[in-house]
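These are the structures in question, set out in turn.
Each of the two complexes below includes subunit A, the first together with subunit B, the second together with subunit C.
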Partner chain A sequence: MESSPEKNHDLRRVSKMGYFRLYLQFIKIRLTSILSYRGSFFAGVIAQMLSYGAGFFTTWLLVTAFNELNGWTPYEVLLLYGMNLLSYALAAFFFFNFAQDIEELVINGRLDGVLTKPVNPFFYLVCNGFNVAYFSHVTLALFTIIVSFKGLGIGLGPGMLLMFAVSILGAALIHAAAMIMTSVTGFWMLRISFADLLYWNLRDFINYPLSIYNKIVQIILTFILPYALISFYPSQLFLGKEDYLFHPALTYATFPVGLCLFLLAYRFWQYGIDRYQGTGS
Partner chain B sequence: MILFIALLRLSFLKTFQYRGYVFINLMSTCIQVFVQISLWLALFTANSVVQETTLNDMINYLALTGLLALTKLEGPGQLLSQRIINGSIAIDLIRPYKLKSCLLSQSIGENLARFLLFVFPVYTVVLAVFGLQLPASPLHTLVFFHAVLNGVIISFYYFYLVGMLPFWLQSTWYVRFVNYAAFTLFGGAFVPIWFYPEVLVKISYFLPFRYVTYEAVTFYLGRTSLVAMMGVLATQLVWIGILAALEAFVWKAAQKKIMIFGG
Partner chain C sequence: MAYIEVENLCKEFKVVRRDKGLKSVVKSLFHREYDTVKAVDDISFTVNRGELVGYIGPNGAGKSTTIKMLTGILVPTSGRITVDRLTPHLHRKENARRIGVVFGQRSSLEWDLPMEETFDLFQKIYRIDDAVYKRNVDFYVELLEMGSFLKRPVRQLSLGEKMRAEIAVALLHDPEILFLDEPTIGLDVVAKGNIRQFIKQVNAEKKVTVMLTTHDMDDIEQICHRIIMIDRGIILYNGSLQGFKDKYGGEYTITVVFADDQPVIAVDSRLKLILDEGKRKIYTAQRSVVETAEALRYFIDNYQVSYLNINEAKIEDIVANAYKKSLMNED
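Up next, the complex of A and B:
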């Protein structure tokens, strides 16, 4: 980028425009690397679609065999799945590798190198970890969501469509916050895969309506680890259901809560990296 | 033989060493089981019998499938893949031991430890709470274990075959997703196949996946007669034959291939 002498003074301060351009560069490099491994990329896309698709399909079959799940019809349950996967994939585009790789970076000492670069390390790691493979999840999730709305005969107006987008964005921020927070444990070398495993299993909970669990789990997943805000509460806005459990206002809470959690997670990450000592490798 | 038992013991002890790993896995199994049980409880609140299945049948299905999950021997194939990718296969081929048996005993030891540490305790509690169904007779029990053993062998050969893919493919990280899908759809890993539409049931008969654990579990639950089960055992043996022959053939081909590259 063209830079005036004043800007060169403090290299750490890259302008907002500069960051944006830098980000596009990173994505371009990623895409180029995929083009050189086209075969395995597409095989991967298909394999992941199959694996998630099999999960969706068997759940749909099951609920169909029983007609309903706690008052939720098969397509309604499918929508929960779809919203969960879509928001997860949107977050994972940017934060999956970011969370996954941090321990490796700490152990082999490459994180020290990242810290000396003249950009915000958080930004650098997010860009560098951009994962195009989630394209397959997004496609499958969108397909699932469209199928469920079609199956239910629900057409969303422009207002509702906007609300849907906002909810998904909020849900993606919740997923992202969880990924960022688990990655902080990597600074302390607590084996990130452990945190990861728990995180993955928690995602299982919200593929079904929250109302099938007992009260304690409902409280935890609403107020402490607000996973239910990802799909269970917002979906009811579009489905016209009233399975609110605690308070109807929760259906609108996804975006504000997601934003707060994301900022909190970012703060937590900064706190972690400020105290990072390096491993001396 | 002594060597293999020693390997088995070592990998068993190794798994015991990682306390954190054990704890997290135990937690994770608990969460999985909790979600599944909540799901089945909710499904059975409206109707108590669906397609000749009761809640207790389903809990038993879930617990048995969970208990047998580790009889799916993925380990040897995965270890083989790793060795092909990192190149240590070249040394394995000239060393005076049988690679396949080594990898096999290593993963049996590991699976045994994992079973005792975080599978058995969880499902014992589940079955104590909901009630374990018992097989009809000692003969049934014997046949059940025979079917399980056949399933172990089928899964071993299947995953070992898949594990050889890195000889030919650039990257294989996605193969486990395909396996997961196959076992979910055609192996009854999550939803019993008897809830499926006719077409899928028919397809499942032509694939090895349902013969790994599903057939043994359905027999245990009394859904397959003893006579029909003999047919299943025979089919399992046919699959073992097919997969073993394929494995030998592919292994030969792979050795030729590896020599072309100069090792």
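Up next, the complex of A and C:
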């Protein structure tokens, strides 16, 4: 007796709820594996803290040495650093391993294993790649942001707090889109370190106000690779600054642009895996 | 309608042509030339529900490419595949629900996770009903004797234990068909025996259709109902094991020790001398040309013989012979 394909079609499809449960399961797994490698986990946290702490201090030293950068005070520049790091860490929780691992998954064949499972490979690999280590970044970033607001004597009301959360979310989507896009070349094992380099270096560019760079850099970082939307533009909403460069609306653009870029990156990733299924590498 | 139907299936890969030398490297940066390699070249076959089919062929023959198309990983260049009436790459997820896949050379298990929790994870991935899940875990843990290593992380398991774990996980969601890509690779004799026994049992008791690729001819001899041999993307043989032996394994050897150093002059031309150590000589012959009984009688009737022995070709040699034949036909 053969069962009809139509009947099987509806059988226990993995729903959105299913992915959420799968996600929780993977988080549980990652946490358990931290317990079995406690030493290396804490060593990693300390190393990350030191490395980003150093970034924090160089920024601080540089800015205090100049006293101000193009009208930006040290505490204001610190907010740029904090917003950049917080949104980066939020994206990296989900997408750092995901982006780094694609090429290896292609080479060792585990991607084939994923494709034989009844799941969307994108969501599955995002679940699988969850990286707990970014709690240290989040902690440091929140600390920096609080220090900055306290130093400036700014208190955010509920509305502004919500706007801050939305901006950070949008910024995280921009980081995520960049991580996903640079990873797609991994499908055909040509992972271009140039793309990586571009992303990692640009990430540090925006720790300083965009207005200190020349016009070309400003245009690139606003319209072509819109990293300035991560912290430079949205921060001015909370700092009450008017260093708009192009248009005041840019201060609100972070979330919509982030969402669009993320969806674009997702489509690009789908294109990558389609090509993988067509060519085998 | 057969469970798996493959019709005129082709898969081509484009490979960048690389010439030696710096100049061509620089040239290839700007202008690339591609060679088209036909990994699978117009193959057709069917597999019925409940069959246990061995899919064999030398390295690079196109076995894995075929399996990857059957499991929905790769999209065919042309041709048609249906697995239970679904086209795998178009209905990848639906197809994935009803197939189990084990790639012998790579793991689908989480390195740090003990099997107990791996089962849990796969229950979530395949959304297996609690009752079915519990029944299957109990069944496979007992049948595969996994009780002793359920709580150890996968990275600490032996190769044999790991393979048992892989197969159990692949069967957890009650698939209708199991694809095994070299399931016994690297295992010791006892472990191989256990895996074979288990595959046979699952096929018989759970009516799971099995398609396996292997280089170990004992796998074929001991468990497969049928073999399909592929080389350079073309199917060379599709049929029973006995038929395969008859087609490619007609050659046998005769070892003769003659009573004295007499010159053996008029040996039958159908017998070919391949080793001459004076009194002891070895001949080969084709069964289609001269039957073993006739060959034996020839020596006994014509010479003073003190020892005679006939060796039939082993399945490994038959396969090697078949691969060689296909190579010669090509050139």
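Rule of thumb we're sticking to: the second predicted complex is superposed on the first by the 261 of 281 C-alpha atoms of A that agree within 3 Å, B and C clash if a C-alpha of one lies under 4 Å from a C-alpha of the other, contacts with A are read in each partner's own complex, and residues count from 1 in each chain.
As a convention for this text, a contact is a pair of C-beta atoms (placed from the backbone, for glycine too) under 8 Å apart; a residue touches a chain by one contact, two chains touch by 3 or more.
On a predicted model such as this, the values are computed, not experimentally measured, just so you know.
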Using the touch definition from the top, say if A:215 reaches subunit B (first), subunit C (second), both or neither. neither
In the overlay, answer first, second, both or neither for which of subunit B and subunit C A:51 touches. first
Using the touch definition from the top, say if A:70 reaches subunit B (first), subunit C (second), both or neither. first
Just checking: does A:43 make contact with subunit B only, subunit C only, both, or neither of them? Give me first, second, both or neither. first
So in the superposed three-chain picture, is A:277 touching just subunit B, just subunit C, both, or none of them (first/second/both/neither)? second
Hey, what residues of subunit A end up touching subunit B and subunit C alike? 37
Spell out the part of subunit A that touches subunit C in their complex, as residue ranges. 2-5, 8-9, 11-14, 18, 21-22, 25-26, 29, 32-33, 36-37, 108-110, 112-113, 115-120, 124, 277-280
Could you pull out which subunit A residues touch subunit B in their complex? 37, 39-40, 43-44, 46-48, 50-51, 53-55, 57-59, 61-63, 65-70, 190-191, 194, 197-198, 200-202, 204-205, 208-209, 211-214, 217
Which residues of subunit B touch subunit A once you look at their complex with the stated criterion? 20-21, 24-25, 27-28, 31-32, 34-35, 38-39, 41-47, 50-51, 169-171, 173-175, 177-178, 180-182, 184-185, 190-191, 195-197
Parts of subunit C lying in touch with subunit A, wherever the complex brings them together: 1, 3, 13-14, 49, 65, 68, 71-75, 84-86, 89, 91-94, 96-99, 101, 103, 105-108, 110, 112-113, 117, 120-121, 124-127, 153
